[in-house]
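Have a look at this one before I ask anything.
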Amino acid sequence: MADWKDEVEEIVFDGKICVPYSWTVGSTLSKWYGIMRDDAEIWANRCPSCEMVFVPPRKKCIYCYEDMNEWVKLPGTGILETYTVVEHPEPGVYPRETPFIYGIIKMDGADTGLVHFIEGVEPDKVKSGIEVEAVMSKEREGNLMDIECFRPVD
Amino acid sequence: MGLYTDHRKVTHTPDGYELLTHESGHLEYDFGWHQGPYWSKYLVEMRDNARFMGIKCPKCERVFNPPRAVCGKCFVEMNEWVELSDEGELQGFTIVRFPYIDPNTGELMKVPYTAIWVTLDGSDVRMMHFSNETDEKDIEVGMRVRAVWADEPRPTSIHACQYFETIK
Amino acid sequence: MGNRVGIIGVGQTHHAAKRLDASGTELISEAVSRALDDAEITLDQIDAIVVGNMDHFENVNYVDMWATDGLGACMKPVFKVTTGGTTGTTLGACGYYHTGSGIFDTVLAVGWEKNSESDTQAAIATCANPVLERDPFAGAIGPLATEYSMYMSVYGATQEDAAIVAVRDRNNALNNPYAHNQMKVTVEDVMNSPMLSFPIKLLDICPRSDGACAVIFAAEEKAKALCPRPAWVHASVVRHDYTHFGDLEWQWMPTLERASEAAYKLAGITDPLNEFDVAELYIPASTCGVKWMDSLWFCERGGAPELIRKGTLEMDGQLPVNPSGGVIATNPIGATGLIRVGEAAWQVMGKAGDHQVLDVNKALVTGFGGCSWSDVMILGADLP
Amino acid sequence: MDRVAVIGVGQTKYEKGKRETFSELVYEVVTKALEDAGITIEDVDNIVSVSSDFWDGRTISSMAIQDAAGAFGKDITTVEGDGTFGALYGAMRLLSGNFGVGIVVAHHKGTESSMSGITNTSFDPLVERRLGLDAVTSAALQARRYMDRWGILEEQIAPVSVKNHGNAKRNPLAMLPMDITVEDVMNSPMMSTPLKKLDCSAPTDGACALILAAPHEAKQLSTHKKRVWLNGVGHCSDAFHMGDRDLSDTRALKKAAEAAYVMAGLEPSDIDVAEVYDAFTYMELMWLEGLGFCDDGMGAEYLERGVFDADGELPVNPSGGRLSANPVQVAGLACMAECVLQLRGEAGEHQVEEARTALAHGINGMCGQSHCVWIMGK
């Protein structure tokens, strides 16, 4: 290594990337969120070929690549398939104060799970396999936060 | 202008649901970019000594500004620093009149501003910087320009040089 | 060693400024479904997939993973390539090498972009060195404007020459149902459109679009079995040179000169203007559609204005360029180069519909991007 | 089928807060790899860079490294993702017959940005991203599911950390050599249950380059001692949305591994050393099961028996693994570089005895959605 390199003041430049985005929700999820916003219901769609039911709904079955036009209403309940209690904070990324709980809920009436917040249970009491239900937000805007969280069915 | 009118614009799905967009709002991704020895020295020289330093390829002898470790053409490491003049030739310019989002801030840029390409005397390549002229009448390729340095304390960035002015 | 490779199917979306009806993955599935239909095969016949776009236009990391639903990539081999403006031609090359390697028989290459989802200029500005060059980086238009100014003063090219190119591409787009900008224009319209950066005017440059394109590559035996007239890949070459914008040569287009020279050699082309029957060229601004023709060895340096004025590159000329309308009509950036590949393949396959050129045997494709990079692909009706 | 050889490798030391820019790191490893191969840049006809616009904080990030990669006037392209996929593309380009010698180079400066913020952008902006998920919290969901399914305790995944940080003590390139116990892991701060700090890898800076050669060029330019053959490769992706997958299932890895084994004409029992993706402790066990080294759910038991120790039946991550240095895009390419060193017998203090066949593994996406498996031999 050339000598001059050792003598140089080491500069670390603090920079940012701040570009806002406007994401197109598209036909399938616009319908999903439209129903969620207007009717406070969670729907799914079914593959005409393998009959798997997907939530969130998709344009095409991920296995058969068939268009899925049959929509089914879900009861909003499900089984907590897995969870994590988040302890280490990441300000600016996590929308909740730690500790909070994420879970994947295998939705009744569907063959897939939804990821969401789990509330109404102490972090040291939560466990896989419990029955949970969706709590819909009072103010709904047509996005995933129209579901406030899932909580145990008592 | 009708140029960018989209004739396929639809607002609802065939079964009548409103087509939505999700807005990110202000996003910020923070970086702490290590500048490495070459760019560190370049920035420090601008800040402390109000001068541009280029780097010379030991093989093809071209002088690069901004400096970098490797001459791409010769694929050799460069270590010979060369002080460049404050003055040079304007090689190209763009007067930006349509504001767009500044990725540094997420806010719209202030326009007009003039981005220039300038080859400093003693260098073989162009660097990007600013001109204080914002009228096409006052700026043309081939003009001689001179760096106008910021008052001390100068920032550790290319803004240590405020802009290039036309040598009249 | 290595398989010969043919293109057996092409699909693209209807491109538009904003496709509010389709999310990114829905846009992708639209192109994929059409390509499968075009090849008359189903997704289970696809052995591997490659996808590409530019991350900062939609802010999605690991796009190959995120796009799984749209690509039909669940439980299939997939990865991502990305090289800025050349992403599309990079995808074409990647589909070709996948199948050429002998590891995969049938490969789907997909390029897409939802340029409506961000401020394109802001996202592109982050391509410059964030500390030394981002702030004064004012987009690609500055260098393109300057290089054409120089070309005009050295070779007597004019703004009207560029306008002829803009008119050619824009009016060709009227025959392409997938094209984004569909407007009939005259040289006068172009000359009277607002000046953006002298000598480039609004109607001289490409738009930003939402769109996707999918192209299916197959190894020789498979291609023959599946497709009556595949578009065979005769050459695929990429040339880069510098990392810093300020190092670039403006007098000529060295990467395009080197890439096309190498590709012509591979494909045995000695007289490109005569031997090619059609070209789909990545021309982001009409000025490039003049100056860069020199670098494709269509003429001596400085000869391009005469070619343009004589109508050599018009639909009824010696070598029709951009029957699809090209980039000036349609520009979903990550798909743009792959649309060139797909359109050229359709020309060879005789499937280009209203913008079909008669009896295409050999087609030329180019890609442009990054720090003035050039990609060249040559397709042909005969086995290479 | 024809095979491609690795004829040169170059790696930086993996560490945090490296002062060099990533293009300077690229130049360092490319020159090292060329030197290792005993060739010059003139012998190289194509380059695959592995870059990420997100981590680099630049769009078209491949633009920033091409001079440093020796790409002037050459055919260069960019794979975004793990280095194993870059190597796959590099090999395919050579096998197509269009090229003779290629460089595959990956770089990563993980300590210049926020791992959480950047991995959050891997989630669908229309669905899960709003929840604030990132690499650690999503991995925690997978870990919980895997451990619940097979009844594995936190104390049983912790020894992966003990083993790999211990292995790192014998690898001068590793960032985090550590003498730790299961207790240390258990007592380290909880990140997201069940994952504690010492179950997780740390942001790392570094770069790695491989020189690949087509069969003819490999034999012409390289010696038997330096040559390592790429005998098999496979890659495969699972579904994207986490709720579509049983996160404890390794079906995509199994499919990728099967393709690699079939191509190489080998079985898991033929592998002498493996470098497996272990950004999180539990992952090493899951992936070892998926790679066929033990039955599903048995990883922890095998680990306890010492099978995967440096002196075990199948040494896993003798380099110290990703737990000891995780330069994201570089990770899998570094696995391949480590396998090259092992097969050449140049791994120094962490050399595995009689390593003739090695397996390298890399992943793309969250929770190991996509896998690339390489089988390499002398």
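Here the chain labels run A, B, C and D in written order, and each chain numbers its own residues starting at 1.
Everything below uses one rule, namely that contacts are C-beta pairs under 8 Å (C-beta built on N, C-alpha and C of every residue); 3 or more make two chains touch, one makes a residue touch a chain.
This structure is a prediction, so every number in the text was calculated from the model and none was measured.
Engineer: When all chain pairs are ranked by how many C-beta pairs they have in contact, which pair ranks first?
Structural biologist: Here the largest contact count links C-D.
Engineer: What is the chain whose Cα centre is as far as it gets from that of chain B?
Structural biologist: Most distant chain from chain B: A.
Engineer: Please tell me the distance, in whole Å, between the geometric centres of chain B and chain C computed from their C-alpha atoms.
Structural biologist: The answer is 27 Å.
Engineer: Let me have the rounded angstrom distance from the C-alpha centre of chain C over to the C-alpha centre of chain D, please.
Structural biologist: So the centre of chain C lies 33 Å away from the centre of chain D.
Engineer: Determine the centre-to-centre distance between chain B and chain D, using the mean Cα coordinates as centres, and give it in whole Å.
Structural biologist: Each chain's C-alpha centroid was found; their separation is 36 Å.
Engineer: Can you list the residues of chain D that touch 2 or more other chains?
Structural biologist: Expected reply: 19, 23, 54, 57, 66-68, 71-73, 114, 117-118, 125-126, 239, 241, 244.
Engineer: Can you pull out the residues of chain A that are in contact with at least two other chains?
Structural biologist: Within chain A, the residues that touch at least two other chains are 10, 13, 15, 17, 19-27, 29, 62, 92, 143.
Engineer: List, in ascending order, every residue of chain B touching at least 2 other chains.
Structural biologist: Residues 13, 19, 21-22, 24, 27, 29-35, 37, 39, 43, 68, 72-73, 77, 101-104, 157.
Engineer: Report the topology of the inter-chain touch graph, choosing from line, ring, star, complete and other.
Structural biologist: It is complete, because no pair of chains fails to touch.
Engineer: Can you tell me which positions in chain A touch chain C when the two form their complex?
Structural biologist: Interface residues on the chain A side: 13, 15, 17, 19-29, 58-60, 62-63, 65.
Engineer: Can you list the residues on chain D that touch chain A in the complex?
Structural biologist: The touching residues are 19, 57, 114, 116-117, 120, 125-128, 130-134, 136-137, 140-145, 148, 189-195, 197, 239, 241-244, 247.
Engineer: Any idea which chain D residues touch chain C in the complex?
Structural biologist: It comes out as residues 1-2, 23, 52-54, 57-60, 62-68, 71-81, 85, 88-89, 91-93, 95-98, 118-119, 121-122, 124-126, 214-215, 233-241, 244, 251-252, 255-256, 259, 263, 364-366, 369-370, 372.
Engineer: Chain A touches which residues of chain C in the complex?
Structural biologist: Residues 18-26, 29, 33, 42-43, 56, 58-59, 68-70, 72, 74-75, 114, 116-119, 122-123, 126, 130-131, 210.
Engineer: Name, in rising order, each residue of chain C that touches chain D in their complex.
Structural biologist: Those in contact with chain D are residues 1-3, 23, 54-69, 73-85, 90, 93-94, 96-98, 100-103, 123-124, 126-130, 236-243, 258, 369-371.
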